[in-house]
Amino acid sequence: MSTAIPDPADGRTVTEQEIADIVAPDREIAVSVGEPLVVLDELTVTFGGLTALDHVSFEIRRGEILGLIGPNGAGKTTCFNAMTGVYKPSHGTVTMEGASLVGKKKHAITRAGVARTFQNIRLFGDMTALENVVVGLDARHRTSVPGAIFRTPRHVREERESIERGMALLEFVGIAGEATSPSRSLSYGSQRRLEIARALATEPKLLCLDEPAAGFNPAEKEELMTLIRQIRDDGYTVLLIEHDMKLVMGVTDRIVVLEFGRKIAEGAPKQIQEDPAVIAAYLGVEDDDDGVA
Amino acid sequence: MRATKLIVIPAIAAVMTVAGCANSSSGGGGGSASGTGGSSGGSNGLKSLPEQTKIDVPADAVKPAGDGKAVCAPTTTLAYVGAETGANAQLGINIYNGVQLAIDEHNKANPKCQVQFKKFDTEGDPSKATGPVTQAVNDKTIVGVVGLPFSGESKSTGKIFQQAGLPHITPSATNPSLTQNGWTTFFRGLGNDNVQGPAAAKLATTMLGGKKVFVVQDDSDYGIGLAKTTQAALPKADLVGTDKVTTGQKDFSATVQKVMNSKADVVFYSGYYAEGAPFDQQLVQKGFKGDFIGPDGVKDPQFIKQAGDASKNAYFTCPCIPGDLIPSFADAYKKVSGGTAPGTYSVEGYDAATIMLTGIDKGKTTRSAMEQFIRTYDADGLSKKYKWTSTGELESLPVYAYKVSNGNIVSAGVIPSS
Amino acid sequence: MGINPEGPPMGGAEAAQLDADELAETKGSRLDKLRGRWRALPRWQQWLVLSIVALVVFFLPVINPPIITTEPGTDFPLACFDMARFALVALGLNVVVGQAGLLDLGYIGFFAVGSYVAALWTSSDSTYVHIPFLWTLPLAMVVTVFFGVLLGIPTLRLRGDYLAIVTLGFGEIIRLLASIVPALRGNVGFQNVGAPPGTHDGKQIFDNSHGTPWYMMTVAIIIVVMLLLGNLERSRVGRAWVAIREDEDAAETMGVPTFKFKLWAFGTGAAIGGLSGAIFAGQVGFVNNQKFDVATSMLFLAAVVLGGSGNKFGAVIGGAIVSYIPNRFIEIANYKYLIFGVVLIVLMIFRPQGLLPARNHLLAAIGRIRQWTGTASGQPEAAAATDAGRITLRKEEDQ
Amino acid sequence: MHGLVTSLATVDSSWIQFDWSNLFQNFWPATFDGMTFGAIYALVALGYTLVYGVLNLINFAHSEVFISGAYAVVFTLSALGFGPNPPHLSLIAIIGDLLLACIAAMIVSAIVALIVERVAYKPLRDRGAPRLAYLISAIGASFAIQYIFFNWRSSNAEPAVIMFNPKPIFDVFGTIIDSQQLTIVIAAIVMMVATDQFIRRTRLGRGIRAVAQDPDTATLMGVNKERIIMSTFVIGGILAGAGALFYVMKVPSGVIYNGGFILGIKAFTAAVLGGIGNIRGALLGGLLLGMIGNYGQYLLGDAQWTDVVSFIVLVLVLMVRPEGILGSNLAKVRA
């Protein structure tokens, strides 16, 4: 066997470095930190007469973790959906490295380099964890029906790489031991992690996480923060929607705050914490779960 | 829930009133002026045909009983292959009851020759038929088969009979091309579409005096073929329009509209009674005053049952003598069928079985002998004279005209050929 | 275990092994033990068992076992062929309904197109150029794929229920066109549709009263189709289909071009439908517009669901059963649809996953993954835990 | 491939001819007659739409709910002495008899609808079955009921029952509109409006809308979901029963075991065309479908084209408006 798969036969344990290399092969290239990666300009989304997102502009910079926060119904998820092609904006643009994402199909946006997780977990329940991740990896594969039927060399190569990379991703998020379990039977925490692994599998430039810590206990949140930082360190840019202020303040580099579909503040976590408009917005809805801890 | 009905029922009542008012406004209660087309000429300017009171049952018609002295092996078997179940079952039931009757009569009269009867179900489906036919062909005790009833299934299985040398008489498949395949084992026990078409044309024009004939066909092999030969035989000037309907169709407003637009005085419906009856009924309801002609597929007591008084304008063509008019046959048949009267092709089934039984009585108990026997057969049956040409068609076939009288289908005599 | 990843391109041995696993694995918790025993068998014994089963299946019409036989009602070899035909149809429909989750109620349309292709190019009633029958099989597939794409492009963007009614309409349109277009000869039909060549003792081998050769040919085709579909299943394509079935939006978001793969599912299903239609036309030797109705479409669907939607073994078994029962018990011919109707309801209530529930392996080289799982996580018992997880799932399904 | 298409087209291209003059000449009869059928489709389509609105599933067995009602009409009227000939009865007697038949049909249809719900859907709901399972169970129920009628009443159609002879009422654009057409269309529209109002104004109607909008929230708010579902089936059945009466009125010999299936497909198409889940959409879809089918029939020559044209129009409409013409759903009906 001449592949890079760590062969169990030789009894060697895989090092973290090896896994990291497989997960983020492009790490060295994506280092022009600070340049705008995705730019939202005057983004507006309306449903019927209702304006869910009102001329929102901000940019997501390469290599940062950007937090997107706001009270319930502020338009965070709408903003997400408009970026990932679920909704069609009625006005404004979303550009990624200069190319517009508006009007592109969802799968094309994914291939352009934007991946996301879902607030309410949406895994492919009948598939195993590994298969879920491989579906994400398939976004970069080129084999089509004839190639698969006749098992062309490219197909065989892609399949082999899939397993290798898929396992590495599962290892990265910490659920490799459950690779062959149907994702439906995974624990809640594992399912959340699997969603992240699946999104990473599409080799995104920007990873959008929609409330990844929902339902987590403090210890799990702590682990998640580490994981998000690791993802960033591996060269990904992260957009994070999150209710938990402690998590947001602890992990993000910058924060954008929405309220009633408008952007009310933008800046470093420290600045945001002191921003009167933000405090006002949050005082109105503060409760035990979501408040600043 | 109760609330729903409270709303719904008054609504209907209100609307019914509209309908009712309309009814009463044009005179005295619902439908007292039934306005059915003239059944006996006069009002529609067409001639009427006299009812034939005496039926030409051939005096020397061959009966299955024979002379009662026949001797044959107890395994000698005749078979019916065709629809027993499914949507096409009724036609098949008509036929195999006829066959059953013939065999019963034969076996009763000939204690030393008890002929077995086997049935194989094809559901009238060409694709299902190969299985049962192969099964019948492989059963070496079977010396002759009555079937298959439909043209489609006959086409898909004729070759199998041919290869096995098993003669079969179809009592009802009328597609002309069936006898053009070179099958020596295929015999048709009735006239094909080419025989009935010209007769229908003649009935419509010369006999009834129609000047404007409208031809409607269904989408069956039978309907299409018959409509084609009928149109070909009609004088060009007399054909005022054609239309197609589909099997299973129950509303014919568009076709009726076309007929009314064409001012036709005779409508020929080329198809089966299931569509023919509602069609005629809707024609009459819309005020059609002319005559309605249907072929043997329409000539069925069900037609009158379903079309009601509208059927008074109906005439039929059929290359057959009406079995239900021969009381002795009808009575005997009812004993076999459990009370139902003979239907379309019952007599043909009976006759076909009779011919084969006669062959068995004469010692033709191999398939090839049976085939030879049928090929050279020349005698009258209940419905017609049976003498086949080399291709398996009957030689001379009178086509009879029928009409509706007092809710019954009665003969109106032979339609002269030429 | 020496699994060679550089194995033959068809992955013959491995694929068969996986299929066998799948067959054994899917029988529900009661059969877990059996599955375990099957897994424990040495490779050569598994092959032996499979070969014997294959041999028995292959020579079924020759063996003509009593009790099982459909005689004297209908010829057993022909009944066997009918089973094989239904199995092939179900296999194709399973791709569309079972794998990709697209409810196609007009599958009979593809079957009809295949039949007419065979008829138009081989029947003595056709005025077209005549070609050898076997050539009509690929031709039928090409033409039905064309129709599949033609239907799919406007309709596959529609959501499930809308798709159902539109496909149903398609099936009806094909049937009606067969009546309307004169070149298709409506109810009059085409006689003497061709057959594969070859004579034995001066008699045609592929005669329409001899079911055995037709049956064997169809079974061979089924095996090839299953192997190829297995390849598809364990590829990007199969994964995309299951992803679409499970959650179309999520699939799209994960970069699956859902429309394209739905179209492929439709096309693949159509091709198999067309193939079975052409074989059917050849065996019966006669094609007309009679049997391409909605009711038959429903029977096809019943076959897939009965066997286990999404499982190709299930589809084959379901197809065979749906065809066999009415041929074996002719007495029930009139009650056939009534019984199917009741069975469908009961099945959906008590065993919605069908006889063999879907549990697809979507990745090749499963064995390697299991080993890798064990090592990479540094937990030797991980593999066992994995199996436990499976069992849990199955129990959920069985409820 | 290309060769096939062109050869099919060239060898005999006479099979498709657009006879515009025929269409224009018969435009008004086609319209009025189409509307009559459309009204019947619409009544049956309502059953599909209501159930779809509440359960989000196609009740494929609704066609059999309808045909059961049609059998009830035929049996009732036959028992009352109606037959293939127009009755000789007074106006009042006819109206009374028809009302009786209508109620019988409504009761039978409602019972059948309820049985279908309890037998084919409820157990699935209790087990949280996937969507496909419902559809297949529905198809199973449809087949079972059809073939119960098949085995009971044979493959023959029931003998015709003529309710009254249509009389011309008035003349529009040179085309006579008869009492039958008028009765059916007006009755259907009245019933649609009544249903619409019922859904809007009554407590049960509000419950139906609530469940349609969000079953879980509705349950939390104290709506008895099971009762709402059963009511929906019953209302659908009642409307199908009314549809059955008009169907028999229009097509007296159309009661046959598979007669519902064909009409059901049409009605469902109508519901989808108008926007499934939408009550007004059902009416619009029904009327349009009836007329379009008839236009197609006149334009292209014969009845075989009716369904082809209907389905092609459906596909075209769905391509432009994937949710049907009116597109909204039951939940969005404003109170």
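Remarks
Labels for the chains are A, B, C and D, by order of writing; each one numbers its residues from 1.
Following the convention adopted for this analysis, a contact is a pair of C-beta atoms (placed from the backbone, for glycine too) under 8 Å apart; a residue touches a chain by one contact, two chains touch by 3 or more.
Since the model is a prediction, treat every value here as computed from it, not as a measurement.
Shared contact partners of chain A and chain B, listed by label: C. Farthest chain from chain A (centres taken as the mean of C-alpha atoms): B. Centroid to centroid, with C-alpha atoms defining each point, chain B and chain D lie 34 Å apart. As a whole-number value, the distance joining the C-alpha centres of chain A and chain D reads 48 Å. Each chain gets one centre point, the mean of its Cα atoms, and the points for chain B and chain C are 41 Å apart. Those residues of chain C in touch with two or more other chains are numbered 176, 179, 334.
Across the assembly, chain D contributes 304 as residues in contact with two or more other chains. Counting partners per residue, chain A has no residue that reaches two or more other chains.
Chains touching one another, given as pairs, are A-C, B-C, B-D, C-D.
Of all residues in chain C, only 97, 101, 103, 120, 127-128, 142-143, 146, 154-155, 157-162, 164-166, 168-170, 172-173, 176-177, 179-183, 294-295, 298, 301-302, 305, 309, 334-338, 340-345, 347-349, 352, 399 touch chain D in the complex they form. On the chain D side of its complex with chain B, the touching residues are 25-26, 29-30, 33, 37, 83-92, 94-95, 98-99, 102-103, 106, 154-157, 159-160, 162-169, 178-180, 182-183, 186-187, 190-191, 194-195, 197-198, 202, 204, 231, 234-235, 238-239, 242, 245, 250-254, 256, 258-259, 262, 294, 297-298, 301-304.
The touching residues of chain D, when paired with chain C in their complex, are 1, 4, 7-8, 11-12, 14-16, 52, 57-58, 119-120, 123-124, 127, 129-137, 139-148, 150-151, 261, 265, 268-269, 272, 276, 304-305, 307-308, 310-312, 314-315, 318-319, 322. For chain C in complex with chain A, the touching residues are 5, 9-11, 228, 231-232, 234-240, 242-243, 245-247, 249-258, 264, 267-268, 358-360, 362-366, 368-379, 382, 385-386, 389-390, 392-393, 396.
Residues of chain C that touch chain B in their complex: 70-75, 78-79, 82, 176, 179, 186-189, 191-192, 207-209, 211, 280, 283-286, 288-291, 327, 330, 333-334.
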